[in-house]
Amino acid sequence: MNLPALLASLDARAHAAADWGKVASYIPELARVDPAQFAISVVLADGTLHSAGQSQTRFSIQSVSKVFTLACTLSRIGESLWSRVGREPSGDRFDSILLLEQEQGRPRNPFINAGALVTTDELLSGRAPREALSEILGFIRAAAGDDDIHIDGEVAASEQATGFRNIALANYLKSYDNLKNAPEMVLGTYFHQCAIEMTTEQLARAGRGIAGLPGAPLLLSPVKRRRIAALMMTCGHYDGSGDFAFRTGLPGKSGVGGGILVAVPGVASVAVWSPGLNAWGNSKVGTEAIEQLAHETGWSVFG
Amino acid sequence: MNLPALLASLDARAHAAADWGKVASYIPELARVDPAQFAISVVLADGTLHSAGQSQTRFSIQSVSKVFTLACTLSRIGESLWSRVGREPSGDRFDSILLLEQEQGRPRNPFINAGALVTTDELLSGRAPREALSEILGFIRAAAGDDDIHIDGEVAASEQATGFRNIALANYLKSYDNLKNAPEMVLGTYFHQCAIEMTTEQLARAGRGIAGLPGAPLLLSPVKRRRIAALMMTCGHYDGSGDFAFRTGLPGKSGVGGGILVAVPGVASVAVWSPGLNAWGNSKVGTEAIEQLAHETGWSVFG
Amino acid sequence: MNLPALLASLDARAHAAADWGKVASYIPELARVDPAQFAISVVLADGTLHSAGQSQTRFSIQSVSKVFTLACTLSRIGESLWSRVGREPSGDRFDSILLLEQEQGRPRNPFINAGALVTTDELLSGRAPREALSEILGFIRAAAGDDDIHIDGEVAASEQATGFRNIALANYLKSYDNLKNAPEMVLGTYFHQCAIEMTTEQLARAGRGIAGLPGAPLLLSPVKRRRIAALMMTCGHYDGSGDFAFRTGLPGKSGVGGGILVAVPGVASVAVWSPGLNAWGNSKVGTEAIEQLAHETGWSVFG
Amino acid sequence: MNLPALLASLDARAHAAADWGKVASYIPELARVDPAQFAISVVLADGTLHSAGQSQTRFSIQSVSKVFTLACTLSRIGESLWSRVGREPSGDRFDSILLLEQEQGRPRNPFINAGALVTTDELLSGRAPREALSEILGFIRAAAGDDDIHIDGEVAASEQATGFRNIALANYLKSYDNLKNAPEMVLGTYFHQCAIEMTTEQLARAGRGIAGLPGAPLLLSPVKRRRIAALMMTCGHYDGSGDFAFRTGLPGKSGVGGGILVAVPGVASVAVWSPGLNAWGNSKVGTEAIEQLAHETGWSVFG
């Protein structure tokens, strides 16, 4: 397999796409992004990095951050998180509040917004948002082996001013006593972690640990790593998770900024970015590229 | 790893269980089964078979049959099935009708009852139930390399007389024009395929192809095999699918008869049976045994 | 008030309607009816009958029958019905099955299909469908003071052959043990009572008792009469009940055949018919006529 | 009918109640109220006022205020409100958010919290909360003919500090662009209008107009009055509205403070108060008293 040529062909194919999907419109800063962009980066087990497209362009990782916040939280507090959040796919939109009412304030999983708010709340545990954010950012920098990873303050401010649905979710969780901290604290932390900016190169490196690649910084036990990957597979693409698993056979986590982090256990860590989204809120062209990559390489957790 | 010893310890552990779970009560024939039973069988890539417990006892495979019916249907008619049934976890009970109303008669996936009825309907395509059943049974026998696999007519009759919820599902699908055949035809076929009896030894052998073991009868293309495994992982345990994936890291499909078929791609095909069920309708002790097996062997699709 | 002139103007207005609505399409016999038809009949407290339009044309009363079946059942068995069916508006379509799952087989009220099936089941109580039907028909004939009221066997057969959603509802109720009789028995009775044919003149006369008009046959106690009227007001038009109450201020019960029975307590009994339906499955032009009638006469239970 | 004796017997009966229900616990100020209290006041068409129990005790009218806010809003802006809020019973709890998601930010009716927030938003229309509040308070004072009606600032502050579910609802509405003003503005106004304190005497007098009693201040046209009464009947008691209509045959609006305002059109305006609530969040003993009152007097809109 000639990986560089394959990645280049994925980039070419992306740019030939008739339809790039639509950028997320509910966050003003993201709504202005040009959808016709593409980048892909792959770190192999031998440590080599291969990229195509705008792999040096920083994008807002948004919900891809939930993987790292979950990893931080599990490392810090262990499995007690699961008394407050489930491990099941929700079958609903990423920002759905409906099941929260039916299931009395317990989010289905840590990768939908409600569940990520609870995870962030657990990580905060009385500390200032600044401290928790510094822990998340530190985790990502260590995972990527790169300190040049930052929060985009304008995106965070943009969400804070207009993220009414997330404000609703946090207050709803609080009404069920499933937030320990004040909703404003949790939301402030959450909006900032979502506003972390990375390139696909940085993101692919940061994902080496979850893919269990040799030589990755040891930030997670094998058990935790597998569990996070399992959650990515069943819940990582919201109500499009089953379809992503069906098409690619790989665990991944998407963000509304158009990024997707994919783990090929023991083989590769992959990051793709294209800001236009499909109907489920996942990168349209990014998903297609991963599907094609899996098809061409035969990479699949299902053998 | 000493697999025989490990399996023996799982059997011992099962029999030491304080709580075997409850047998399915809605099918009279199954309600009479003693919950305190256990069997496990493993076929390895080298073709060897290892078992512990009552691995010669036949049990009603029930919804495990959905894996084989799906395989048959995909082989026979290809991917057009997906215009009638989705590929997403439902987040609801196996026999839920709620989402069918919200999603206008299109079942979420082929492993919940509604989706299996549509799959069976597609396989029937105007033929007599007898023909479709003979195709499913033929597929399973070929997969297992064993002709001594049969339908338990009494279990089928028992379901036919009391399966009001499945009758409701079939008629509801028909009201949305998502059954081509008469509801009675589809239900008759469905109840009979669920009433297939197998031992864990037979079931583990029948699963070799889905696990992609060398030497398994070639009934499925690699792409179809992976896709079925992906569906098992995201949807194979109903509203407990996320939890099963989290605990075991392996794709599996359960049935209310207490059986579970698990694929360890390229490594092993595993069948476990214990008739008592947990809150999601999956074998309680069987699930625990698979979790322990995965823990001890390190088997996981997530590396 | 010149009632005959007013009714004539309503008939003229109906025929000037740009949009008659759509006839129910799920029952073949009803799908063939010409939507551009209209009739209205009013019986006043002094016993006089006034009509306009096709008030001699028989139409399928469909769900209007639920008022009479409920009245029969309450007369026969008293209030124990309420242990099996609620008294709350459902907020869902007339044939919805969704809430049945959420509320474990207990229909919200006796005027949605599921609730009417339970009411019919209670009325059957082990008797042959023929006997229960004869009781319902007898009740209606006595209420109307007219023996020339019959069941249209072709409509009943048409529903029996294609009423998959009602078959689903009955079997679903049975799965929760909320039918005492076999689903086929209850469905047979239900389809036949829905297929009763009446003219608006007959229906207006049959409604005199529920409107509490002097001289009406005494078939219901005042308490039962008021309770049935209350249910008509909160639940009589399915998920359009609130709108009907808001527009007209009067209790009414609609049927998908395009009939509506309205009670003006102590003042009048009104029957209207026009087969085209609005989005909620209630007669479009019929509803508009009742709204206009209430507006012109000042009839409203709210003073 | 000896009304004073009847009211005295209702008071005695209330105090003999084995179970007073539970006070609302989610608003700290209300949680401290002693549930074992009762008051009832009736204004008749002749203008006479009759009371029993603690009819001089002020209580927090809470959601009873929604009747007056709706009346103010309809008077001020007319029927355009209905483009933003429906007129159907919701079938869900008073503070439910579930249907808002299914129906894309359009509340079912103005008497559930979400609908009242939209109504308040419409009334605000860019003004300062103080102005809108002064309009509502002015309306109530004029309706009651009594200027000694005030807002309890502590109750308002208590809700503002802990009303997470209402904060969630307002932000959720805003996310669907169904609030014109900032959520904080709407919530501030809403919490204060709910914190209006009245005695049952004051409330019964304030309800004269809605009951259409002769001599009541003319604040509403007959059409608006009837429509508000219709909404009270179908939606005034949340998911217990059907049951209240069935039991009493009268339109009413309850509040979690334990108050209920009931209109007997043309006959009487009734206010009852007892702070303990039933399962639907409506005054338990208050509902029972109204049922008994209706039974003894024969008062019912259904003749």
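Each chain gets a letter, A, B, C and D, in the order it is written, and its residues are counted from 1.
Basically, contacts are C-beta pairs under 8 Å (C-beta built on N, C-alpha and C of every residue); 3 or more make two chains touch, one makes a residue touch a chain.
Treat the numbers as computed from the prediction; the structure is a model and nothing was measured.
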item	value
Repeat of interface C-D, chosen from A-D, A-B or B-C - more than half of residue-number contact pairs shared	A-B
From chain C, the most remote chain by mean C-alpha position	A
Inter-centroid spacing, chain B versus chain A (mean Cα positions, whole Å)	32
Gap in Å, rounded to a whole number, between the CA centres of chain D and chain A	46
Centre distance in Å when chain B and chain D are each reduced to the mean of their C-alpha atoms	54
Chain D residues counted as touching two or more neighbouring chains	none
Contact graph of the chains (line, ring, star, complete, other)	ring
Residue ranges of chain A in contact with chain D within the complex	26, 96-98, 100-102, 164-165, 167-172, 174-175, 183
Of all residues in chain C, those that touch chain D in their complex	86-92, 99, 108-109, 211-212, 225-227, 229-231, 233-235, 239-243, 245-246, 249, 251, 263, 265-266, 300-303
